[in-house]
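Encoded as structure tokens, the structure appears first; notes follow it.
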Amino acid sequence: MSNQNVLRVCDATMQFGGVVAVNNLNLEVNKGEIIGLIGPNGAGKTTAFNVITGVYAPTNGAVELNGERIVENHPQGKMRELYNGENLGKYNDVKVLTPDRITKLGVARTFQNIRLFKNLTVFDNVLIAKHMNMKGNIFSDVFRINRKEEDRMKAETLELLRILGLEEHKDDIATSLPYGKQRHLEIARALATKPSLLLLDEPAAGMNPQESDDLMKFVGRIRNDFDLSILMIEHHMQVIMGICDRIYVLDYGTLIAEGTPAEIQNNPKVIEAYLGVDE
Amino acid sequence: MKKISLLLVLLLVFSVFAFGCGESGDDSAANADATGISVEGTTIHIGVFEPTTGENGGGGMQEVLGARYANQLYGTVEINGTTYDIVLDEVDNQSDKAAAVTAANQLISKGVVAVLGSYGSGVSIAAGETFMNAQVPAVGCSCTNPQVTLGNDFYFRACFLDPFQGTVMANYAITEGYTTAAVISQNGDDYSTGLATYFKNAFQELGGTVVADVTYQTNESDFNALLTSIKAENPDCIFCPSSIVTATLILPQMTANGIQAQVLAGDTWENAAIISNDAVGVAFSTFFDETDESNAVAAEFVNGFKEYLNSNPQNITWNANTDTVAAVSALGYDAYMAVYHALEALNGTDIETINSVAIRDALVNVSFDGVTGAISFDENGDAIKDTAYIKTVTEDSLATQSFQFVRTQSVADL
Amino acid sequence: MERLNQKTKMTASIIACIALVVLLVLSYTNTGTTSMLRSVLQLGSIYALAAASMNLLNGFTGLFSLGHAGFMAIGAYTYAVLTIPVNKKANVYYLYGVADSLANVALPNWLGLIIGGIAAAIIAALIGAAVLRLKSDYFAIATLGLAEIVRICVASSPMARITNGSLGLKNIPGFTNIGFIPAYFVPFIVVAICLVIMFLLINCSYGRAFKAIREDEIAAEAMGINLARHKQMSFIISSFFAGIAGALLAMFLGAIQSTTFPLMLTYNILLIVVIGGMGSLSGSIISAFLVIAAKEWWLRFLDVEQYIGDWQVPLLRTGFRMVVFSVILMVVVLFWRQGIMGQKEFSWDGVYNFFRRLKTKFRGKNTKAAAEGGNANE
Amino acid sequence: MTNFLQYILAGISIGSIYALIAIGYTMVYGILRLINFAHGDIFMMAAYFMIFAMVDFMIPWYISMFIMIIATIVLGVLIEKIAYKPLRTAPRMSIMISAIGVSYLLQNLATYLFSALPKQYPSIPILNTTVHFGEASTSLVTILTPIICVGCVFGLLALVKYTKVGMAMRAVSKDFETAQLMGIQINNIISLTFVIGCGLAAVGSILYFTPRPSVFPLAGSLPGLKCFVAAVFGGIGSIPGAVVGGFVVGMCETFMKAVGLSEFSDVFTFVLLIIVLMFRPTGLFGEKMAEKV
């Protein structure tokens, strides 16, 4: 495994009014790694995801993708007075790409509470993700001038569904799928954007041990098959410990530990903040 | 692929049938050209094309009443030995142009050979083409816009026109000694804006000055700001052509704002709904006066119509809760009578079936004494009128719920 | 759900097309008493286009716009101003005169029609950048305000020499024969072409992107769909077709005024969209014809007092039609929320299965079990 | 100067009525997230109720007023129960469309029952007394309107802020489901909202129609639209916002008319609205609502 850096979050702070959701977060994902992001409820994990994917602009800090700054911000306007974090003055640019541009750069994500296109078919759900890489404009598309492009997208989608074992459901409405399959579909949809980095927000939430075990294998498989780096939020410790190369632990927005699963399991801070409370 | 082939099939079929019907289509059009719509059996259908809902629903209904009354009196006509029943087919054009066209088509499809209406010029202009294409003559009641009959050989009208009316009111203002005027008109309303413009032009030509020219929106009901700006200019008179609804709103607000200027208006104001303390002193032009003794036809009509109104409480509701005869009712009656006289004129001609084109030809030459004066049509199809009746509201009006006749006014009086 | 094979569908489509065409031709050749049918069909087709274009925005992209009447007004006025014959201009602009630059302009009507659509699209593009950032209700009220602004400006005095102010325009050229095709069919052809384009749009990649935005904006954005750009596109396309519909309405009416395009027009179109089903173009088309026919034709009898013998049928008098009509609307909105088609489009499979279900129902309880057995085999 | 005073009076008087009606919009929106398009028409129906009570049944004005307010409230609550309640779980758009449908129905019903001709609004003698301010004159109702408006607003704010019911209302407006879980009777709170909104519309209708004594089926549509604009302008959902919005809209249109641009007074109002929304997408006092991802 090469040590090439894919994602680097630099001193990211996200403050909503006076509430600090993420405090001075530093995080790295290297090529081919599966990284876990854990922490008690409300620790700021999803907020961190939203900062990385451009849904929120961080109050201060930056995000780099493959060495390129995609997000950078410093406190502005009212936040200038409210900000009580560190690293002021370190980040002077203001650059916030919209989520769609970040997706185009190769970051795909799933959501904590499944966000499928509910009334569309499984096939269309995945096909939509192909839209951003389509060649041609709306005229050539409407008047079917580039049929080859459309055929290519459909073929790729079908192939993807086949690989992920969703082919038999392709004409079903997304919400008619069982819960586990919906999670799979959301991952499939994210993969259809051909990402280099995949962010999974609690993929095993609400699954029984058997299902989460399957999911763990599934995540490992797609990492290899699709040449991915993965950052995942998860509460199921078996999943996290069994699959992750490294783990970051957040508590009250602050990073309290990072390391291999074995290190984390024995870290007293983590046990106090998280495992001790939870289990 | 499926969609494309579907599209191709669609286009193909379209073109095929278009080929096929090219000739037959022309044939049927040719048929229509000759005779328009013919009467079948012994019932003559006359359409009543009026707004009974929407902005002008109130006035439109009063015209319908006039036509209904006329139909009650003259319900049959004898032509070449056959007695025909005349039946009114009423349709509501909703004071709305889009609805007006379908409403007009509704009448055509019912086989009417002549049409009465409408109140409000907009709907008449919109439907004019439909009547012309179907070769069915229409007799407008109180559509005063010149555009209604211009360039349409099948549209006639029983009333005078806006340019005439605007000029009449300007003349009236000047003869009364007013030299400054304010004008209030409604944005988007052809009647109000047209009349206001004619008044302005004539008033300035006669040496008056227009000191304020303001507009309001449809359904607007607060005029305080407008009136304040008018009051600041202190004009001698205020010309305010508007719908009845606006009249009932603007008059009390004038009183409240302490405006003393003479208020002038157009024919729409002749409706009992405006009579109130605040309206005392206003002057407006209209088509007809119910107390005009000099016209025997009118006197007879007034008595009969009042009786008709009182025969049914619903009629009174429709007539703004009084039995005062509105000018528009008189026009509705006259429009009906114009068609009736045209039908009578067909008696004795060698016509085999009564059709709409023949009625139209007869209408061109119709001449009779109507309730609103002698009626005959000029080359545009407009009734030749040279006088307007100026009416006002006095203290007595409050008790009698009727308007007081001031005098007649014509353009040449000055 | 049973599916028919391709060949059967094709045959059915061809038969349906021919039937449709024959019906249209019949309505055309039969003059006299069918003129009502003809005008309802024409008006219905225009409303179908207007409703479909609104559905593109409201039903497919999930942007609740109430500015449709404004864009129709822009299309209608652009068309009218550009195409009124030169020799009739003096007659039309009888009060204010015509602007010098327009005095000798009279474009052919097809060109005016397209420019009408483009004008609406351009205004939409200018405005869209500003208002599309607003969230649902705020977007609705901003577009509503926009339509009111258009309506008032069109009738205002500075525009008088172009739009004839409050007096409105008349002598607007109507439909004319195209080669051998009689004028009567022109609106159907124009509307059919526009609708085919819209069907192509909703089934292509951009159409799917619009639907994705409707389903979930955040997920759509996470899938790499540029929200601003796609919303803008949908807004412009919808306005373009609204402009075309407005221009067709001007052709149909022959005379327009600013009051031809009130807020009520937007509401009427919206109600057609709702009855047809938000997110179904075929639903909008079907409901446009049904609503126009019901409102302008079938329910008209409610406005006229009727007598059975001497007994007067109660309630029937002027205005009752609109009451009944609005009650029907409320019933649809409350109890039949999906409208006629829901989010589905017309398909032969749908028709086939609909009749199959009916048949199963009629067969009664005895055969129900058997029918269910049959279904299980599918 | 006199003119200026007169304009101010006109602006304040119309502005405070807009404010009263805008509160109805804003409260319903705050609780149900519904733009109640029928509110303007409820306002119109209130005027017809008053005519019925005073003209047709000859009831003295002080009693009629109560009858009318109660009738209006009953109408509003009925509309809520019939047209909005069944759609509570439906998408936002359906309920908005239902509101448009109700508005359509009320207008058509009024045309059918009362005819399209305007009816004279009965005069309430006390309110019509003329008052003089130097050279500017106005009727008592013009003076009373802003006072009643401000009184109502303070009463309402106190109700929302200090009473148990008010707390329940705030809870419902923050989170529907959680409020329900906390044992709040959602339906009662919603009904109460309609009671207050329609009550204010009824009061507004007295103040509005007394100096503009003409009622017709479309009388509610334009004021309704403007109040709606006022509510959005101030940030729909916020009571002080609605009041400020009402005054701003009233003042703006008055001064547009004062400077001789009467034709564009409404255009200006809408342009102002769009500009405000561009810079503050949720109106002046509206809460920013970030969607949870």
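Lettered A, B, C and D in written order, each chain numbered from 1.
By our rule, contacts are C-beta pairs under 8 Å (C-beta built on N, C-alpha and C of every residue); 3 or more make two chains touch, one makes a residue touch a chain.
Just so it is clear, the structure is predicted and the values come from calculations on it, not from any experiment.
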{"item": "Steps needed, at fewest, to go from subunit B to subunit D via touching chains", "value": "1"}
{"item": "Neighbouring chains common to subunit A and subunit D, by label", "value": "C"}
{"item": "Remotest chain, subunit D as reference, centres from CA atoms", "value": "A"}
{"item": "Pair exhibiting more inter-chain C-beta contacts, B-C or A-C", "value": "B-C"}
{"item": "Rounded Å distance between subunit A and subunit B, as computed from the means of their C-alpha atoms", "value": "70"}
{"item": "Rounded Å distance between subunit C and subunit D, as computed from the means of their C-alpha atoms", "value": "32"}
{"item": "Whole-Å separation of chain centres (CA-atom averages), subunit A against subunit C", "value": "42"}
{"item": "Contacts with 2+ other chains: residues of subunit C", "value": "152, 156-157, 200, 218, 317-319, 322"}
{"item": "Shared interface positions of subunit D, touching two or more other chains", "value": "108, 111, 115-116, 221, 263, 266, 293"}
{"item": "Per-residue multi-chain contacts in subunit A, two or more chains", "value": "55, 111, 144"}
{"item": "Complex interface listing, subunit B residues touching subunit C", "value": "2-3, 5-7, 9-10, 13-22, 24-25, 28-29, 31-32, 37, 52-53, 57, 61, 90-92, 94, 96-99, 101-103, 105-106, 108-111, 122, 125-126, 128-130, 134, 145-147, 150-151, 185-190, 192-194, 197-198, 215, 217-218, 314"}
{"item": "Interface residues, subunit B side, partner subunit D - complex", "value": "52-58, 61, 187, 214-226, 228-229, 231-232, 244-245, 248-249, 252-253, 256-258, 271, 273, 276, 317-318, 320"}
{"item": "Residue ranges of subunit C touching subunit A (in the complex, touch as defined)", "value": "197, 200-201, 204-206, 208-209, 211-212, 215-216, 218-228, 233, 343"}
{"item": "Parts of subunit C lying in touch with subunit B, wherever the complex brings them together", "value": "6, 9-10, 13-14, 17-18, 21-22, 24-25, 28-40, 43, 88, 91-92, 94-96, 151-152, 155-157, 165-168, 170-171, 174, 180-182, 184-185, 189, 192, 196, 199-200, 203, 249, 252-260, 262, 265, 292, 296-297, 300, 303-304, 317-319, 321-322"}
{"item": "Touching residues on subunit D, where the partner in the complex is subunit B", "value": "3, 6-7, 9-11, 13-14, 108, 111, 115-120, 130, 137-139, 142, 208, 211-214, 216, 218-219, 221-223, 253-255, 257-258, 260, 262-263, 265-266"}
